[in-house]
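Lettered A, B, C and D in written order, each chain numbered from 1.
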């Protein structure tokens, strides 16, 4: 069975639940969500109004779940959703939505629009209307273990490198460890300093941890393309590894959608609660800080700002934690406008970064971030999401901006106090 | 049927029909929204769904995100319209007499001057919102026939009510009949159109807030 | 039967001065709500007016209308006007009774065929062949149809004759109807009210006498001069309505202050009558002035407009029960539909095939 | 409980707004009378007044020099107000109810003038009286 319109519509019908029915019932077409979407604000094109991106799903709701809609459908008076229509909507659902959820906070009637886009993507992918780039990434994730094609050998090489640099052992497949660290593809491939950073931090804090050779990849393209089946497969690998190693906690990496996939969607994807807890690396670091187990002994005088990753902050609720950590090491920390819950997305979340077709639009959308950065005179942008970092670097380069981009965990590790037997950097 | 009989009809049988359709339709629709249900999340909660849901139900009425001029216009005019509508609906002495007759209890009315101002502001805001809907690219794209229909259905009771208090253009009997009839149209249409947002908004906000609350996000 | 004579002759006989006549005409103009300057025109016309024959038929009624008229009896305007007509048949007021009375009616109808004025009070029952009200063995319908044939015009006195009134109220067991429901080919004036204002009855007669025709009527056949405006329009408590000051009970501060009685069920805004200016009991007051709301007695179906004490803005029928039943029904429908939706979703879930990575390559 | 225990007061009747309107009307009519000698009549019974307002109108117009009393099918009171040419004419019936209440703009209200018909009848009566005094036959 391959993808088809019929399969897509059936998926729409199955995905529509109480919240979605309620959201469509409540929408009064006020257009306020437009202002909250960076694809609209940066293009002023009305088709990027968030609620408009859901039009096919809305029609299915109307025809399947409302009194008049059913009546009209029976009478043959309603316009069925067509394949052409879904094809037309594909760029709206995938290219111009990063699932950042800013619209969900702006809607006066309380519609969780991003909740709907996520569900709509289930039907889009089932009907065959998912972007090629995202399909490829998902395929690689399933078949090769990572959307970027990194594998256990890549990881072993990076670990070796980190061990050499830190003089510490990176625990692999340690059964009975308290924490199991999960990484994102980008961290393994590009931002590999993270491995050394967490090794040193955990060493200092005395955290019992491990990395699983069969469950180290946290990136979840299944969530982004909108397939629960594929997302479940990817999450399942981590769950199996964690269960094999009998860990108490799984640490989500600095990767927004990995966090969402692992922390909030995972148990629902596999259909049962986890026997372990999921904690975000930043959440854990802040916890260690408050327990006095995380100590720094130097600061960075450069003017730093923090880019809030949507999935971690707005959709994940960690507003204070990264700031608590930043205040330890960045005395010249400065906030961008709209910090915290109202942050603006980097423009590449929700699978947009894996979708080459969306590149020109994404570049335009970055103007929002550029404007935010232009308002303040920070020289370094700290973030806690490897995808955000890539998108920021991309945008900065395109706009010839001089800012540096660093990951929060690495930044903390750099200023780690040398009060234990751990080696100074 | 003369004017008096028509008035008796709209005050009697007409109102019964409208009330029946409204209550039946609304209770059906709202309960249905809750009964379609959603899957209980198997993830470990970081906060309370109920706290988040209830907070958002209330708080979303007051949280104003940063807005563009067009967004600001929508918000200001939207608030004026809704506020004016509620003030006239719930605080005009004649309406309170109606609620007292139906529910058995009432509350103090606001002075007529306040009601008048509220009604005028509400009417003005509605006209402005309609004009904006016609010229703003976003709203024009989103709008379908229902947006204009529900606008008219909401505008007419306000307009006829305002005219009634001053006996503008028609006789009292005619205006009262028109006013009540326009309200009945509104009541009958409400469960089947986006006017249902008068209740579903709170369900939507609850669902939205519940998701946030579950994750421990303090909005 | 007296031959018709003019009012001038009659007044002369009674020794009424021209000045007194002028005063009378000024009062008439006021009563008929005509411009005061028309008094002289009225005087001129009246001087030459002939006494018309009047036949008064009473059907399903309570005699309240006749009472209203005769209670104001005194050597005043009304009586002068009454002196001006030749009341040839009124079975309550006339001295004759039985066959003699019926004979008087027959004779008057023959003698003045096509010229007499027919006054009717009371409604006409139609159900079961009209058996619910008969006079001398004849049904009201029969008597009305006969009398209407020769009438120059018909005056329906009181709400029963004009609109059906109390007998016509739900469930209308006798099938009572108004005069205008039966007679279609004669000019009819409706002088509604329960009872009607006596000055209005005499005012209409005076107008007919003065100008030889019926006054201008509204769409319900009522003389505009008296029913052109609502009680509310002319109410001295109107300013309180406009300010939103309402008495909530009959003994609260607002009631003592003379505030508007709208919320106590006053139907003044929807009732057309002259009470607020003409007043009752020789100009003493009218219901609202006595602290009670208008019950709307001069409007059609006023008995069926809900309680006299229900505000106009409140439902005239039981809405609360309807709403309660509807809520239960709605909830039931929602439970049923919710169950169906669940079944639908379950079926979908069962027939759903997992999306595989092959599907992504598939297309 | 006696009647006195029921405290009924009439609130300061927030004006219906007719006093000023009528004063304006009177002024206009008086102006016409001055310029064109056209007389005028205003029917007070057709206008809604609160008792308070009615009294206010009376007080504002005041009383002038002339008051006449007429006895003809009930009393009539006619007086010139404080403003010459503006007369207040009130007709009562024999029971003392007001049957007409008018403001008349004229040098003398029409009702006060002797009516030709009455004068003629009066002349006849006078001649009759004379005849009876003289014992002469009356001329036809």
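Here, contacts are C-beta pairs under 8 Å (C-beta built on N, C-alpha and C of every residue); 3 or more make two chains touch, one makes a residue touch a chain.
Because the structure is a prediction, the values reported are computed rather than measured.
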Touching groups left behind when chain C is ignored (all other chains fixed): A, B | D
Partner chains that chain B and chain D have in common: C
Label of the chain whose CA centroid is most distant from the centroid of chain C: A
Chain nearest the overall Cα centroid: B
Which of C-D and A-C has more C-beta pairs touching across its chains: C-D
Whole-Å gap between the CA centroids of chain C and chain D: 33
Between chain A and chain D, centroid-to-centroid distance (C-alpha), Å: 94
Distance from chain C to chain A - Cα centre to Cα centre, in angstrom: 77
Intercentroid distance (Cα basis), chain C paired with chain B, Å: 39
Residue list for chain B, restricted to those that touch at least two other chains: 28-29, 32, 35-37
Where chain C touches two or more other chains, by residue: 243, 341
Multi-partner residues of chain D (each touching 2 or more other chains): none
Chain-level touch network, classified as line, ring, star, complete or other: other
Pairs of chains, among all present, that meet the touch criterion: A-B, A-C, B-C, C-D
In the complex, chain D residues that touch chain C: 7-11, 13-17, 41-43, 45-51, 70, 72-74, 76, 89, 91, 93-95, 97-102, 110-111, 114-118, 121
Residues of chain C defined as touching chain D within the complex: 16-20, 22-24, 26-27, 29-31, 33, 35-37, 74-77, 80, 234-236, 238-240, 243, 256-259, 276-277, 282-284
Touching residues (chain side chain C, partner chain B) in the complex: 219-220, 230, 232, 242-244, 246, 262-263, 269-270, 299-302, 304-306, 310-320, 322-323, 325-327, 329-331, 333-335, 337-339, 341-342
Parts of chain B lying in touch with chain C, wherever the complex brings them together: 2, 4-5, 7-8, 11-13, 15-16, 19-32, 35-37, 92-95, 97-98, 100-103, 109, 111-112, 115, 171-173, 176
Residue ranges of chain A in contact with chain C within the complex: 1-3, 7, 10-11, 13-14, 65, 125-126, 128, 130, 135, 138-139, 142-143, 225, 227, 229-230
